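When the chains are written out, they are named A, B, C and D in that same order, and each has its own residue count from 1.
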């Protein structure tokens, strides 16, 4: 039992959003009626508004990435539940550029449905809208999953790259195409040694025996399709990175961006240890590790696990990734 | 049970340090023999090297704050154990400026002893050395604690302010005096709803009943001197902030810096909710909230709790705080 | 329940009873979603009926059966995210539209037509087929029962729909999910009924009186 | 143990036995520190004896009793952080220095002198007094016992020191800590013996043979 620090059931997200709005009032504006965030500063060159959103509980995704060089708006839903279509529709209207608005959507049924309904309403209102569907999760890459691969850790990388591209004045269709191409060069795998605590009960969402690991979890605290023994982290990282590389097959000169991401309550000590192991695997396979991030970027409340994302940054991808950014959670 | 992701017992810290060294090789250099980190870039105006250190498990403290505008070196010890004196002695020698080296030490017996022995060795070697003892924890401010108040969350604020001051070319004695004065204007209180997992066993370091809270914990996962019921976070924050303000008594024009700090596995949603509550308390008491940070800055492995630190930033303190910084964990 | 006629008031009552049932079973629904999904279905459904509450309250004066159904549609479509929120909204919207065309009381034909359209919309938007272990597996037999009840009273038809839906719920337990979050679990979710399907069964079951538990046997009205 | 003489070899053995005892009780020591401190005392002490291991191994040829004690001092002072590491190092250093002055075998007088100097250094550096619930509460009666044993053999004197240390350990259980991490717990740590004090008792107890548990009754050598 680990009670959430909150005022009452249901207050967790709204109180967090208003605290976030005050904490980052210099960077983001909060619409109190429809509950979305918009960037206070954006490049004058931008012709397309970039919008993302999804369930809460993945912080800093998405609101933490609203700001110059990245998202123009983010729509946070309830914990692990997609935002509703009105929220997305209104936020899209607020940030659409002369060439419209691009939705960056994680591949989950709820998000697809709600963003889909909002897109219909935008078309109706004469606002051009395109979608990039992020589906990077290798664990759900299976015949049995008709819904397709889940969208997970790569989302923030895709948001960053598209932000850099949008700041060059790229148009709506080109951005959508770029986003889809970048996504296709990203894969993620995650593992957890303990579930998140369900906000409704304060209890772990599922139990694991000592030494057991959920291998292939998503970011909603759902169990994976299999359990394996935890073992040495070096062997675990080797398996995970090996599977990602087998799926992506980067060429020897392709720059690769790695995201070592905590899902909530893994310590920074562990994340850096994991990064060290990943570096060794990439070196041994002669993969060119061009950039990396280590920290909590796409979480699942307080799940005790981590994800590894690799992105093959071919073409202009690395330049867009390197472009300046100033948001509550990412700045360079 | 939540097993740490590690290769074997005792590997957690060394593997993390080597991963950290690789991840931030552009900002810090790692001494593999004595295990300390030094900054790759530092202001030419600096005449005194700034050094801190302490047990591991508090990441990003201290190595995360090594870099331009903040620390010149950090000495990480084993988990929750002070670094040994040789490590401190060697690191001090490596970064001492023309006016010597300033040790920023959290008030814990182990840290005092090891930094003390190192200081004797430095004196012996003819290197000027002074100490700022950080003792901000209000919960240990009691007649019964002969060791004095613990050093906790304020440490990173003091490190930032001294970094800004050192970059103006301030001398050793003036820096030590400033650090002591700034520390005396900082107080911290922390509460936790669940213990960290002990690395040795993977088990929680102590148990709490549902709805119970340890009130007044430190940053080593030790229990507090009392347990209270968790209740609404608004009431909790009001009690904590009230106690801090009663101790500090800022004047109506004094700028106050607030640090809302996660101890490890509290979610970002909760931290922003807590910040919102803190903002309301400060507004109601007409305290001038000049700056704030919300996130994991000084942790206790994966303890499920948070700390609130207030710093009354009188004199030049706010300017030093605002001065540019570029470290793995803090940049502006 | 003593009347077989679904006028505006009775339909309003139905929506209220559904809401109460959702509140009463919220924890159980969430527990189901915890085993097979992400543990928020109860919360999401409760948020929907709670958003509909004020709209239902505000409904002053004599209304037809289309209005309470329409209030539910508005609340679920406009205020509720997640997967199930808008899908339930589409069902309510189609039922409301069919009710509007059928006069001051609901007819069995209008219920059959509305549910058919609702199912079609849900399948268009959510892209699930029967057998994928979703609420479609409860709604499909419910629709079939409503259509087969041509000539019977709406209360009888809705009772048959509830029976069909509960049968669908039972079937989902043995299925391996292909859509929705449970699909990520593969075989591991088998044995667990689909929470969304249970929600559909609760909706039809509450038409005819109080239902006290997540048991597949509604009390007849 | 059949001999009463502490030459270099026997002293080397003593250090080895202490190390084994620390490894064997590491988990219990850590558990004590978990209740009253931050749960790392066992780990810290084990790290110390483990750092001393290679130095003791490397000690080729005939050595005096000062050398094994000096190896322990070097390891604890130079390699081990935390609170207890350097404090144990100061004790070993003082014992080694006194041993160096007393010739090829340890004398009771040298042990008493070394322990006295070690206690003084620990109190200078750590600033704790008897009654503060620290290892000082075990070392103080141990020193008194060594001094009182003037004329007795070193083995007998060390057995008396162990007895005194265990009595000190028992006393710490009823004390409220004023120094060290346990002081932050106030009354809550009372009833729990101080882990550092137990470490001191283990050190003296291991001089005279195998000690199998954290029990305050050492097997006489």
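Going forward, contacts are C-beta pairs under 8 Å (C-beta built on N, C-alpha and C of every residue); 3 or more make two chains touch, one makes a residue touch a chain.
Owing to the predicted nature of the structure, the values given are computational and were not obtained by experimental measurement.
Visitor: Averaging each chain's C-alpha atoms to get its centre, pick out the one most distant from chain D.
Guide: The most remote chain is C.
Visitor: Between chain B and chain D, what distance separates the C-alpha centroids? Give it in angstrom.
Guide: 32
Visitor: State, to the nearest whole Å, the distance from the C-alpha centre of chain A to the C-alpha centre of chain B.
Guide: The answer is 30 Å.
Visitor: Using the average of all C-alpha atoms in each chain as its centre, how far is it in Å between chain B and chain C?
Guide: Their C-alpha centroids are separated by 54 Å.
Visitor: Which residue numbers or ranges of chain D touch two or more of the other chains?
Guide: Where chain D is concerned, no single residue meets two or more other chains.
Visitor: What topology does the chain touch graph have (line, ring, star, complete, other)?
Guide: Contact map by chain: line.
Visitor: Tell me, which pairs of chains are in touch?
Guide: A-B, A-C, B-D
Visitor: Over in the complex, which chain B residues touch chain D? Could you list them?
Guide: 55, 77-87, 108-110, 113-114, 116-117, 139-140, 142, 144-147, 150, 198, 200, 205-206, 218, 220-226
Visitor: Given the complex with chain B, which residues does chain D contribute to the contact?
Guide: 27, 30, 34, 37-40, 42-44, 47, 77-87, 125-126, 132, 176, 178-181, 183-188
Visitor: Contact residues on chain A for chain B in the complex?
Guide: 1-8, 11-13, 15-20, 22-23, 56-57, 59-60, 64, 193-194, 202, 208-211, 213, 230, 232-234, 236, 264-277, 279, 292, 294, 296, 299, 301-302, 304, 306, 331-332
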